[in-house]
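Two complexes come next, and they have one chain in common, subunit A, joined by subunit B in the first and subunit C in the second.
The block that comes next holds the complex of A and B.
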C-alpha cells in the first residue's frame, strides 16, 4: 500500500474542495439567477469536462500552461512554480475538471429557491446579503453538499488528466489512482489489487456518507419550506 | 522528498533499475525516486519542463533530441545494450532456429490473431520490433493483428494478461513477467533489426546536483552492470562506455 500516494490524493482532494467550492457557489448561484442569453453557452462551457475525454483537457493544459507557453513562463517567473508535473499544477487541473461537479448541483439548488421568498425577505427588510446567508444558503445547502461529495469523490478517482499533466512523480503527482496504474505496469497485481480495493472502499464510504447526510437534511428542509 | 533525485527511465529497464536503486540505498544510505515510461513520453515531458535530473533512455535518439534542445548536461553515457525477445504462446511454434521465419509462416497460415509490440512511434523497443518485422518481410502481414502498448511495460502487460499469440518485447521485462512459463521466449539477435539500435543511453539534466552525479556514477559501476546483465541486458565494454554527444 502506497500511503504516500494516498496522502497525496487526500491533499489534492482537500485543496480542490477548499478552492473550488466557493467558485461553485458563486458561479452556480449566478447561473441560477442570471437572465443573460449566453446562459446555455456558459452552462455548456462548465459542463465540458464531463463530456470531453481527460486527454483533451490534459492536452490543452500542457499546451497552455507548459513551461514553454507564455502562461507557463509568466507563472514561473512570478510565482516560481510550474503548472505541469507539479502538485500546484495538479490542483489547477483538478479544479478545472471538477467545475461541472461543483457548479451544476449548486445551480439546480439555487434555481429551486423561489423568487417569492426573495420578495418576502426584502419586504421583511433583509439586505441581499442577509437574504443570501439566511434564506438562500440554508435552502440550497443540499446542492452544495452534493457538489462537495461529487468533487471529493471525483478527485480521488481522477486519472487521465493527472497522468498527462502530472506525470507519475512519487511524492509530487503520483496519486493513488496513478500508483495503481504504476503497480500494474510493474507486474505487481497484488499491490495494485490492494490499492484498488482500498480506493473502492473509501470512495463508497465518502459518497454514502454524503448521501446519508443529504437524506437526513432533505426532509427537514422540505417541511420548513 | 524534495532533495531526493527524481529519475526518468525507460520502462524496459524497470526491474534492473529498481534493483540497482535498492542496492544503492543499501550501500550508500541514499535514495532516488524513479519514474518509468516510454523513452519518447519521458523525453517529451522533459521538453515540457518535467523536473527530472537524470534520464535513462532505451535508445540514443531521444537523448540526442534533448541535447539538441539544450536540455541536457554533459555527455551521454551508454549504460546497456537493449535485448529484444520474441514471445510466442505455447503450441504456436516450438523453439526454432529462426523464430521470425516461424512467425511469418504462422501469419501466412492465419493462426496469429494478436501480436503485441510497444508503440513504434515513441517506444524504442517498439521501433526495434517493427524493424525486425520489416526486415523479415512480415510487417504488412502483421499490421492488421498488431496491438500497441504505450510503452514496453504495457506491451508485456498485454502479453501477460491478454489473449496474445506473439509479442516482441524487451527481454528483461519478459523475464520479469515470467512469459517463458506460458510459451516460448527467444532472444532476437541484433542482425534481425539492423536498421535500429538499442544503445541505451543516459544523460544528466540541468537540475542534476551532487547526489544525482553520485548515482550517475554508481550506474556505471561494476555493481550496476552486473545487475543490468542479470536482467538480460548487454553491457558495453569499458572502452566505449562514454560516447561523445
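The block that comes next holds the complex of A and C.
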C-alpha cells in the first residue's frame, strides 16, 4: 500500500473541494438565475469535461500552462511555480475537470428555489445577500452537498488528466490511481488490488455517506416545498 | 394618496391612477389583464419602462428621475396568491424573517404577537407543509403585517382557499384593516369579493384602467360598455338619444320612450348604450298606473325563467322595444306569487335613476358588439 500516494490523493481532493465548491456555488447560482442568451453555451462549456476524453483536457492544459506558454510564463514569474508536473498543476487540472460535478447539481438546486420565494424575501425587507444566506442556501444545500460528494469522489479516482499534467512523480504527483496503474505496469497485482480495493471502499463510503445525509433530510425538504 | 403611473411593453401596461390612503382598494379584471403586474410594480418586484409610484409624499419609483427603490427598501407587506411561505422555516420563523431589523429575542416575541393577531398563535412551530390553506394564508398575512407596513398588497389572497375559509378570512381582513387603519390594495378577478371588501375599485382590462372610483358608485354606474361587461351587467341595450330637459335624458328604445336621470351628452338620433342592474328592474301589478314613483311602467312578455336556489332570473322582452331582452332578478317566492312562466304577460318598472347611459366614446366595443350581434 502506497500511503504517500493515498495521502497525496486526499490532499488533492481536499484542495479541489475547498477551492472548487465556492466557484461551483457562485457559478451554479448565477447560471440558475441569469437570463443571458449565452446560457446554453456557458453550460456546454462547463459540461465539456464530462464528454471530452481526459487526455484532451490534459493536452490543452499542457499546451496552455506549459512553462513556454504565456500563461505558464506568467504564473512562473508571479508565483514561482510551474503548473506542469507539480502538485499545484494537479489542483488546477482537478478543478477544471471537476467543474461540471460542482456546478450542475448546484445549478439545479438553485433553479428549484422559486422566484416567488425571492419576491417574498424581498417584501420581508431582506437584502439580496440575506435572501441568499437565509432562504436560498438552506433550500439548495442538498445540491451543494451532492456537488461536494461528486467532486470528492471524482477527484480521488481521477486518472487521465492527472497522468497527463502531473506525470508520475512520487510524493509530488503520484496519486493513488496513478500508483495502481504503476503497480499494474510493474506486474504487482497484489499491491494494485489492495490499493484498488481501498479506493473502492473510500469512494463507496464517501458517496454512501452523502446519499445517507440527503436521504435523511431529503424527504422533509420535499414535503415542505 | 397612493399614486401609480406605469407604462410597459411586455407585459402591456398603461395605467395612471390614485387611491386614497388608509382604505381598502381593489383592482379587478379578468385573467391576463395585468392586475398582478401592477401589484408587482408597486411592490418593486417588476421594473417597468416608465413609472412613477409614490405613497403620500414618499416616492418609490420615478423613471424620469432615474430613481427606483428596490422592494426590500419599500415599507410594504405582500401576500401572494400561493402565500410564498419559506418551506424550511416554521410559522413563527417565517414571520421572524420579516423582522431582521430587530434583535433576536425581540424578533421572536414580535413574531408570536403577529401570529396571535391573525389567530394562529398556537401553530407557531408548524412548518408550511403542516398547515392548511387558510392557516398558511394567515401566516403569510402575519408575516406581511410584521414590519408594520404602510401599504399591504394582496395578490388574489383568497383564490386558493375553499369557499367557507374564503368567507371567514374576508371578514377578518376587513376587521384587521379597520383595526390597523392600514392602506390595503388587493387584486382579484372576483367582483363579488371586491364589492364586499373594497371602498375604491379599479377596473382593469388589457393593462388599461377601464373605470375607477368609489366601489358603490362604480358598481351602480359603469361608465362604458366594457366596464358594464366586466361588472357582469346582464342588461345591455341600445337606444337613440332624443334630447334632454329638466326631468332627464329621453331615449327612444324601439318605439318605447325611456327617461334616464343623468348621462353623457350626445346628439339627437345618436345611438347610445344603456344598462340597468337586474335588481333594479321591478315587476309591478297589472293595474299599476303607467307613470309612478317606480319609474316608467312598460308591458312585457316573459321569455325565460331560471330558478337558482335563492333567486330567480327572469328574461322579458318589452313590447315594441325592438326585441332586446331585459333580465330581472326575483326571489323564488315572488316568482310563484306572480305565477310567472314562459309566455306570461307582465309589467315592469324602469326608474330613471337606475338607467345608466354608457359613454359613446367607447366606440370600439360598440362596433365589436354590433359585429357579434350580426
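Methods note: the second predicted complex is superposed on the first by the 222 of 225 C-alpha atoms of A that agree within 3 Å, B and C clash if a C-alpha of one lies under 4 Å from a C-alpha of the other, contacts with A are read in each partner's own complex, and residues count from 1 in each chain.
Note that a contact is a pair of C-beta atoms (placed from the backbone, for glycine too) under 8 Å apart; a residue touches a chain by one contact, two chains touch by 3 or more.
Treat the numbers as computed from the prediction; the structure is a model and nothing was measured.
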item: Subunit B versus subunit C as contact partner of A:130, first or second or both or neither; value: second
item: Partner chain(s) touched by A:104 [first = subunit B, second = subunit C, both, neither]; value: neither
item: First (subunit B), second (subunit C), both or neither touched by A:121; value: second
item: Partner chain in contact with A:138 - subunit B first, subunit C second, else both or neither; value: second
item: Partner chain in contact with A:75 - subunit B first, subunit C second, else both or neither; value: neither
item: Which of subunit B and subunit C A:12 touches, first, second, both or neither; value: neither
item: Subunit C contact footprint on subunit A (complex, rising order); value: 116-117, 119-128, 130, 134-135, 138-139, 221, 223-225
item: Contacting residues of subunit B [partner subunit A, same complex]; value: 1, 4, 6, 11, 14, 18, 33-37, 45, 47-51, 151, 153-154, 156-157, 160, 176-177
item: Sites on subunit C touched by subunit A in the complex; value: 40, 43-45, 70-73, 76-78, 80, 82, 84-88, 97-98, 100-101, 127-129, 143-144, 146-147, 153
item: Partner subunit B, residues of subunit A touching it in the complex; value: 62, 66-68, 72, 82, 84-86, 167-172, 182, 184-187
